[in-house]
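In the two assemblies presented below, chain A is common to both, partnered first by chain B and then by chain C.
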Partner chain A sequence: MKGSKYLPIIPVYIGYLVLFLIARGMPGMWQLMAMLVFYCAVGQAFNIFFGMTGYVNFGYVAFLALGVYGMALAIHYFHQFSWLGLGIVIIGLLLAMVMAGLLSLVVGAVALRLGGAYFAIATIGVNEGFRYLIEGAKIWGGSEGIIFSKQMTEAFGREMANRLSTLWADISVLLIAAVAALITLYFIKGKIGYALMALREDEGAAKVMGINVTKYKLIAFVTSALLAGLIGAMAWGLKLTYVFPPEVFDISYTVEAIVIVMLGGAGTLLGPVVGGLLYGLAKYWLTVILPGFQLLIFAPIIIVIVVAFPEGVVGVLKRRVKGTALEPFIL
Partner chain B sequence: MALLRLEKVTKRFGGLVAVNEVDLHIEAGESIGIVGPNGSGKTTLYNVISGVYTPEEGRVFFEEQEITFLPPYRRAHLGLGRTFQISRPFGSATVRENVAVGALFGTLHGRIGVDEALKLADRYIELVGLSELKDKVAGSLTPVEKKLMEVARALAMRPKLLLMDEAMAGMHPKDIDRLVGLLKEIKEEEKIAMVAMVEHIMRAVVGFAERVVVMHFGRKLVDAPTAEALKDPKVVEVYLGCPLEEK
Partner chain C sequence: MIWNQLAGNLTQGLILGGVYGMATMGLSLIFGVLRVVNVGHGAFVMVGAFVAFWLFTALGLTPIAAIPAALVVGMALGFLFFYSVMRRLVGAPELTSLLATFAMGIILEEVVKLIFGTEYRGYNWDVGRVDLSVTVLPWAKIYAFLGSVAIAVLLYLWFNKTRAGTAVRSVVEDSEGARVCGVNVGWIYALSFAIGIGLTVASGVLLTMFIPVGINPYMGGPYTLKAFVIAVLGGLASPYGAFFGGLIFGLIENGSYTLFALLPGAEPFALTRFLSFAILLLILLLKPTGLLGAKE
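Entry: the complex of A and B
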């Protein structure tokens, strides 16, 4: 019975494997698959906080942004030490985690004591404030950002730099998504999951039941931020080889993350994968058939889905499979 | 040594004095009924004890350790469990998961894993007679079932003191008798001090409490053994309206 706890990871990993196989096997599909994996990964990371606690972090993209800066700074400052080799990428990932982690600790320790709506507003402020701080105080290249494609070539050689951007950046996002899924499962099944469930349902009652709600919210918040930092470092940093503040602090990515999690099923394990795929495909398709109109069409569709299925696709699925042989696999 | 001791506790909301200089002693293993009409300050008193409110004046001690400013979750770790006047289940979770939360984060917190907590939950669910419903979503229970589930959840915290807020309101007399019998049994077995707060179910008070505390306009009016307290002329006047025998 012990092993059956991990069964729900199977459909998630099958999903990721299929995406990988399509990307490798079908010519011209790599970029589309990379985009889908990116949305799944962001959904999975965002879900750990938003889905499991019910708190909306509108500043989520700031953690991705700091991840990109972590990678950019590592390559910018360490590229002349080419003997470090891929160690520079490791430094970039560590820096991404440290920066995203520190910001989340500071913001979380203060803002997580606020109630839901106030928390959401405070996090918008953090995101916008950070962006204007970088631009206004001309930190890290200010509003011009950092372009580091040349330094990457110097550090790793043309061939390797190219492979890092076009291949390994995408594959590592897939790996981060896989790790995020494992962490989600570990949280849901463990003590942390019980604490988060209780505080999501009734924070006052949870406190009286002995739950240190601030601690558990902070655990989820920081975990979610660390994963965002890693995704940013890889999917935007190493892949695009530049960082430009208005792009990486763009709040619409946070909104996309909310949509993905709600669509798939907040607080579920499989939800962000389903949500990421549906959202990514729909967005891609609308961009092709009606370029420029995708948001106009997408917004009402999302509203209808969220009103009609507040539990999301996987929430509905979970109820459907109750009592069948599939039940242990859907979470 | 008193299990719980309140020293001249006062809680105000603006100009309203909800609890006014209340002293209270509870010994380990006692069962006490707190009665008083609507608005007499009973629930506020519970909230001061469980840490939802901090009193303006006075101090609260648990096992002679001052807890006046301790956050609610720390009090739960010390051994304070409670149920709510209007049930507050974790609605989307199952009954079993709800009760397991109590086991995981109560006095056993840090020493119990999820599997053990679920086992303990099963025991207390059986005790309150909800075994058949344990895999149901808590939000779908009837009000009485929710109250019973809250009792199980609070008991799974393995508290030293259990505060029940109108746990028997809205119940059929037969169910009240059953719950009272059950609580007495549990009290004997686990040596938990229990405080039940009731607005007007005398059946529960007489059956359950060894001692009765009567609240009136935020003050403690009477604090005496049950039989004595219910005959007290002051109580008869403000609360019962007429002597109990005539009711």
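Entry: the complex of A and C
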């Protein structure tokens, strides 16, 4: 049946549609829904590399941060050319992708030739290393960061700047999440997915079979970083209109991405969405009843999942629906 | 003038490097025996720093007395963590142990945060200083260096002269073979993990002598990064390689500080941290098995 390989995207998009309708239809829900979409998007971007290869990128937040810087620099330097209009946002997105992409190429080209242990070691330094480069060499505002809300007003006018921050930033994160889902599906169902699955199971054997493992790992790694850059540019840069190194390089975003993907099911299409919703709701609820305790609660959850529940929710669901009419929809 | 400054900083670097080296031996031991990278390394260093701080301020014990206490605390943590979690993850995909140690580090940080809060704390153990003309070294730092060397030597003797040490080496060589020869491999894993964590926590005590700004629950991050650079320099799986890697790294870090300070408008301290990362990538690019010639 032609086209049936795209069926698993349906539950993902239904999920996003429901979030969007709740946000538009129920007053006061926009911010919560935007947060849930953000976590789903982060989970999907992270999953493309982590879920499919089994390699942990502990420096993931660096790519989000570079995305924020991309948007910040574009608005900071181009705001006086107001004839560019929304072109400035496009420049910001391009810069975000170029910077996140370049960093991931450099780190990936060096560290992905080696095994998972070396890769983890290399990436754990990425966010610290880059943050201290910015602070130490005093580039891009150094340790003070960049605040660009004023420049945004100058570039786009008060009303448009406002709409960009409060409406379009969130909607574009939803779009990025939707694109990330398509890319994930394309990878899983295609040659890249088979190569990655083979190397995740047994990298040595995959190599012997003639698969260029480094190439496929690098493709997944750079894709994941590009999406992270876009999410950073929109969900943080355009939305919050400032960038401050200790906040954008905060390791807890990496922790969140890991929890989301592991909880939902690593390497699955639907997993990051389920994980993102569960995590987002749990976090929202925890900040109300136990503010400041989220890391203390989610870190043990990582251990419990790793030891007792490595398949995640969607992994289990996939086994349950095997042989039923639902099977083609769950991936 | 600049040469004097450089010589002074390199002397300081050598002293600090010895402590860095000792602080990385636990990481290398755990990787060598269990093939597990302890991503939560820095958090264990932090626990050691708080042990020293607490013993000094609450009980008036000197950091030298805190070393065995930290070793015991660390080994207890190590056994606890091993038997509750790590035991199930030895030989499992790398991903699982990476995530587990990462999460463990976060748990430690958050628990210490609950107890002590996030503000910087410090103590001052003043036992005089010695003037070397190019630089002035407090005795506390010299003691820390000597303590590191002593611990490294003890570990060497334990490895090479005792039955348990020999058993550990046999597991490193060939765990199946060791099992056949009657070595209790599970126990060796537990013991090595506990000693590795113990050494790491003990190193936190020594490192407090080099931290002018004081300690806080999130101080560990940079030490994780430094320990990785040092461990890779030394060949990742060799505790002695790690010790010498530490000496080299201490020299590079302090030497480069002098040079970065010459750059106008730069923040040399932050740049040395970036340099750790750049060195790490460079070694992984050129000679991932370590400068000291270990074979993988």
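The rule we apply is simple: the second predicted complex is superposed on the first by the 321 of 331 C-alpha atoms of A that agree within 3 Å, B and C clash if a C-alpha of one lies under 4 Å from a C-alpha of the other, contacts with A are read in each partner's own complex, and residues count from 1 in each chain.
The working rule: a contact is a pair of C-beta atoms (placed from the backbone, for glycine too) under 8 Å apart; a residue touches a chain by one contact, two chains touch by 3 or more.
The shown structure was predicted, so the numbers you read here are calculated from the model rather than taken from an experiment.
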Original post:
For the three-chain model obtained by superposing on chain A, do chain B and chain C clash or fit?
Top reply: fit
**OP:** Examine A:V107 and indicate which partner it touches, taking first as chain B and second as chain C; both and neither are also allowed.
**Re:** second
**OP:** Could you say whether A:G157 touches chain B, chain C, both of them, or neither, answering first, second, both or neither?
**Re:** neither
Original post:
Anyone got the angle at chain A's C-alpha centre between chain B and chain C, nearest 10 degrees?
Top reply: 70
Original post:
Between chain B (first) and chain C (second), which does A:P246 come into contact with in this model arrangement: first, second, both, or neither?
Top reply: neither
**OP:** Look at A:I211 in the shared chain and tell me whether it touches chain B only, chain C only, both, or neither; answer first, second, both or neither.
**Re:** first
**OP:** Pick one for A:A198: touches chain B only (first), chain C only (second), both, or neither.
**Re:** first
Original post:
On chain A, which partner's contacts cover more residues, chain B's or chain C's?
Top reply: C
Original post:
After superposition on the shared chain, which partner residues are touched by A:K189: those of chain B (first), chain C (second), both, or neither?
Top reply: first
Subject >> Touching partner for A:G87 - first (chain B), second (chain C), both, neither >> reply: neither
Original post:
By how many Å are the closest C-alpha atoms of chain B and chain C apart after the superposition?
Top reply: 10
Original post:
Taking the two structures together, which residues of chain A meet both chain B and chain C?
Top reply: none
Subject >> Of chain C, residues touching chain A in the complex >> reply: 31, 35, 37, 39, 85, 88-89, 93-96, 98-100, 102-104, 106-107, 109-111, 114, 221-222, 224-225, 228-229, 231-232, 236, 260, 265-274, 276-278, 280-281, 284-285, 288
**OP:** Using the touch rule from the top, collect the residues of chain B that touch chain A in their complex.
**Re:** 50-52, 71-73, 76-77, 82, 84, 88-93, 97, 100-102, 104-107, 109, 113-114, 117, 153, 157
Original post:
Which positions of chain A touch chain C when the two form their complex?
Top reply: 54-56, 58, 106-107, 110-111, 114-118, 120-122, 124-126, 128-130, 132-133, 135-138, 142-143, 251, 255, 258, 262, 293, 295-296, 299-300, 302-303, 306-307, 310
Original post:
What residues on chain A touch chain B, complex-wise?
Top reply: 189-191, 194-195, 197-198, 201-202, 204-213
